[in-house]
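Some notes on the structure that comes next.
The letters A, B, C and D name the chains in turn, as written, and every chain counts its residues from 1.
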Amino acid sequence: MALNLLKSGHKVVAYDVMDSSTEPVAEAGAEIVSSPSEVAKNAKRIITMLPNSSHVQQVYLGNNGILESIQPGSVCIDSSTIDPAVSQDVAKQSEQKSAKYLDAPVSGGVGAAQAGTLTFMVGGEKEDFDIAAKILDHVGKNVVHCGSVGTGQAAKICNNMLLGISMIGVSEAMNLGTKLGLDPKILAGIINTSSGRCWSSDTYNPVPGVLPGVPSSNNYQGGFGTALMTKDLGLAQQAASATNSLTPMGSSALQIYRMLCEKGFDQKDFSSVFQFLSEQQ
Amino acid sequence: MALNLLKSGHKVVAYDVMDSSTEPVAEAGAEIVSSPSEVAKNAKRIITMLPNSSHVQQVYLGNNGILESIQPGSVCIDSSTIDPAVSQDVAKQSEQKSAKYLDAPVSGGVGAAQAGTLTFMVGGEKEDFDIAAKILDHVGKNVVHCGSVGTGQAAKICNNMLLGISMIGVSEAMNLGTKLGLDPKILAGIINTSSGRCWSSDTYNPVPGVLPGVPSSNNYQGGFGTALMTKDLGLAQQAASATNSLTPMGSSALQIYRMLCEKGFDQKDFSSVFQFLSEQQ
Amino acid sequence: MALNLLKSGHKVVAYDVMDSSTEPVAEAGAEIVSSPSEVAKNAKRIITMLPNSSHVQQVYLGNNGILESIQPGSVCIDSSTIDPAVSQDVAKQSEQKSAKYLDAPVSGGVGAAQAGTLTFMVGGEKEDFDIAAKILDHVGKNVVHCGSVGTGQAAKICNNMLLGISMIGVSEAMNLGTKLGLDPKILAGIINTSSGRCWSSDTYNPVPGVLPGVPSSNNYQGGFGTALMTKDLGLAQQAASATNSLTPMGSSALQIYRMLCEKGFDQKDFSSVFQFLSEQQ
Amino acid sequence: MALNLLKSGHKVVAYDVMDSSTEPVAEAGAEIVSSPSEVAKNAKRIITMLPNSSHVQQVYLGNNGILESIQPGSVCIDSSTIDPAVSQDVAKQSEQKSAKYLDAPVSGGVGAAQAGTLTFMVGGEKEDFDIAAKILDHVGKNVVHCGSVGTGQAAKICNNMLLGISMIGVSEAMNLGTKLGLDPKILAGIINTSSGRCWSSDTYNPVPGVLPGVPSSNNYQGGFGTALMTKDLGLAQQAASATNSLTPMGSSALQIYRMLCEKGFDQKDFSSVFQFLSEQQ
């Protein structure tokens, strides 16, 4: 993302806990500083991308954090996938410093980040969104305004919860069909032209050999890891608890992916749930 | 189906337990007889379509049933959605009378039946399939050979199990998203262009007002009934038990749809699971 | 059971497909015959015990089956654990031959069978039950009249469904508690004197080392096998489908035990679900 | 609890946000103060009991909170049922003020609180536990040392997760059995002397009429409310997520109880899950 911003002519001031992460950015012309707070001193458009809620709290609210030295009128764009309630809290505290915070989680993975084709789901006020969109247009190809702060997270979490459910559903259907004597390609063909059609079946089929170029045809390497899917399903359950939403399938999906993590599938692509369900030991 | 066969110039001999069902067919030129056995005496291409496994057993194997008087070389096409094991058993018994039996469940509903645009998923030997396909081409627009006897049922059951899972998944995601502050149309738009995309979201969205002309926008009237979905999910679990297939989501889907049946949603479209999950009492 | 009947002075006529099974009974004085039908010719009090529903159908209704030559006034006691609907069907067909059939599944396992301390849950008319009880009192210590034919199965199935649910529940609670830093023996002590108390915790605890002399303390050898629990949970789901009963937990329990069977735990005691849930791979 | 402490000769300094709660305590001789901080100024043995984690954080760590004015050497006993991680955090912050914090959730309900027969599950160091136990012995009859701080919560949460699972399991078994033709009292009798035996069946049976004096025989009034069970199952899932523990049944139990809350059962006793599962609408 930083490289794409530099390419498009922006000045970039960067920080990461790992020097190895900032090195290629430095080589491409970015100024490297020593803390989030230093970034905020030097830039009024700030993009963050962090593993989970507690990291976001630390980077924004902690010692040497962004809010320590943020300039009035700054706009922060957080592309982490985290609890929407945390996004809303950080936005409120930013507001108290006369700065804006938008949540803008992405979908598309490492490949889309490099190619500049990420999708951004953005939560925040319309005028702040417009400012953010001008920057994000250089690193993504699809920047969607979802609503107020937190709705970017909500959209990401809901989509990924459905994705996890669908992937398990496709895996169960393909496994059952094969055991009943169907050729997996024929079954996939029928599903893909019928009411069972979904991305997990027609674009990312979990059965080895049905589609070329997907993780299932490459021993479940690459793609979207089981551990990350488990994290997103956990966020969905946290949000469901906070809003008393009934999500029986989303809850089961979390249990199943957590089981995969415990049983040695955590580093495999999330479509490996087919392998887990179908293989006998 | 019978009317479409008559229209395409076939001679039709028909039987149904309800006279009211055969009346329009008689008016259109079919000969009405008094039992399945009578049909088999008068025709060598026989199509059946019945509510469940036990009806199929009775109509083929019972008193005054088809196999009582079936002519050698006959080809039976059963378009019921039933247990694949029952299809295989009836096929075996037909074979003993030198007749062929194919399972050929349909998808598409009453509208597609009238329009002659049903999809047939056919299980049986290739040469028998070719004979059946010539007839079915007059009542459907998509006649697929799935494999040996029983695989037509298998394909239908697997697709519908996935459909039930997807519909609940979409309902949970739309419900959670709405509770988190998202506009349902915006969320549906994001899902439909992301990895959560599926037929239940982009073609048959369960949230009232998101799509025009679907049951959810018509108080869940019409469409594919909850009771029928429950039946198909039950067949899937029966098949999963017979083959020791792991279907945790399919099993939960059956429980949820059975709950809908008990709680007064049995006559509504199966997308009413959104209403069940979202409404507070 | 046969040995205990012989010991108590009964004459026994026996048949089994495996000669090795009847040998010790023959040595103890039983007459061995060559088919179920032969048994029925020679005895009016008939006890059967078979692996599953289809075996019962074959032994009673098939070629050389009991009903082929049953004598009027005979009383059949079937101690198999099967689908209650099958019990009811065999009872009806027995009635047509002026004979009585009771379902009388047992609990207690091989040890109780040898010691003559089995529990029998009996379904059938009161006067038939009284006849059966006089015989069963010699092989069991607890013979309970549950109601009409099929209720013996119903009681067994319901108890075992609850047992499967409880065992998974105890395993989850003990696993979670241990991960939260509790000593398993302290946690078991608290549960056993609180509202979580149950047989699976206080008598058959699944955590190695908590109780002496149970399968969990013997590498999950012996006891009640995972495959048998899976079978009983399957019968429960079949009965739930037939009666449209909501059993969300019973259905999940079946899925979990089926998973254990697929993942190499089928020959272990059913308390090994703790091992499955707690071990990381 | 405060009344029992006064009765046993202790001096009590009390605070509650609701004056109506402290009135009877004032009448019995307690000194009423105006904030948690005031309590801490006046007493070195402090007992708190609050609805959830955020209340505990506020009362201990917030403005006018206990830690603002706590005296060195004080011992705090928190009888709230909350997230064990929050207990551990408050303990750490108490330590920094040279005070001790123990988590000591209770079981037994309002009746046991009045009668002084509560069970306390206490987490903390042994020497602090000994100090706490001397006080708690006056308000409970069973004071158990579970281990380090947080294990009191862990024990409570694990027991109640198992309790929720058992109660649903008993409800499913009793419902299925009744639909299969069994008399509920006969079925309960069999279960209570077999391997399905548990507190939810033999002491608190959820089927009206099986046991006298329990909520199910009083239209599910009184007892332990569905909303409270839902809260505890939510804490269990939070703890399971924090420790990557597999709890498929605990997770389903939360979904089922959350459904009950949404469908109008939130104020009923938690055994009303039988009513929810068995009644047809």
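Here are a few things to note about the model shown:
Going forward, a contact is a pair of C-beta atoms (placed from the backbone, for glycine too) under 8 Å apart; a residue touches a chain by one contact, two chains touch by 3 or more.
Source: prediction; values computed, not measured.
C-beta contact counts were set side by side for C-D and B-C; C-D has more.
Chain centres were defined as the mean of their Cα atoms; on that basis the chain farthest from chain C turns out to be A. Centroids built from CA atoms put chain C at 37 Å from chain B. Those residues of chain A in touch with two or more other chains are numbered 244, 246-248, 252, 262.
Per the touch definition, chain C reaches chain D in the complex via residues 84, 107, 119, 121, 142, 144, 146-148, 150-151, 153-155, 157-163, 165-166, 168-170, 172-177, 179-183, 186-187, 189-191, 193-201, 203-204, 236, 239-240, 243-250, 252-253, 256, 277-278. Across the interface of their complex, chain D is touched by residues 262-264, 279-281 of chain B. Taken together, the chain A residues at the contact with chain D in this complex read 234, 237-238, 241, 244, 246-248, 251-252, 254-255, 258-259, 261-262.
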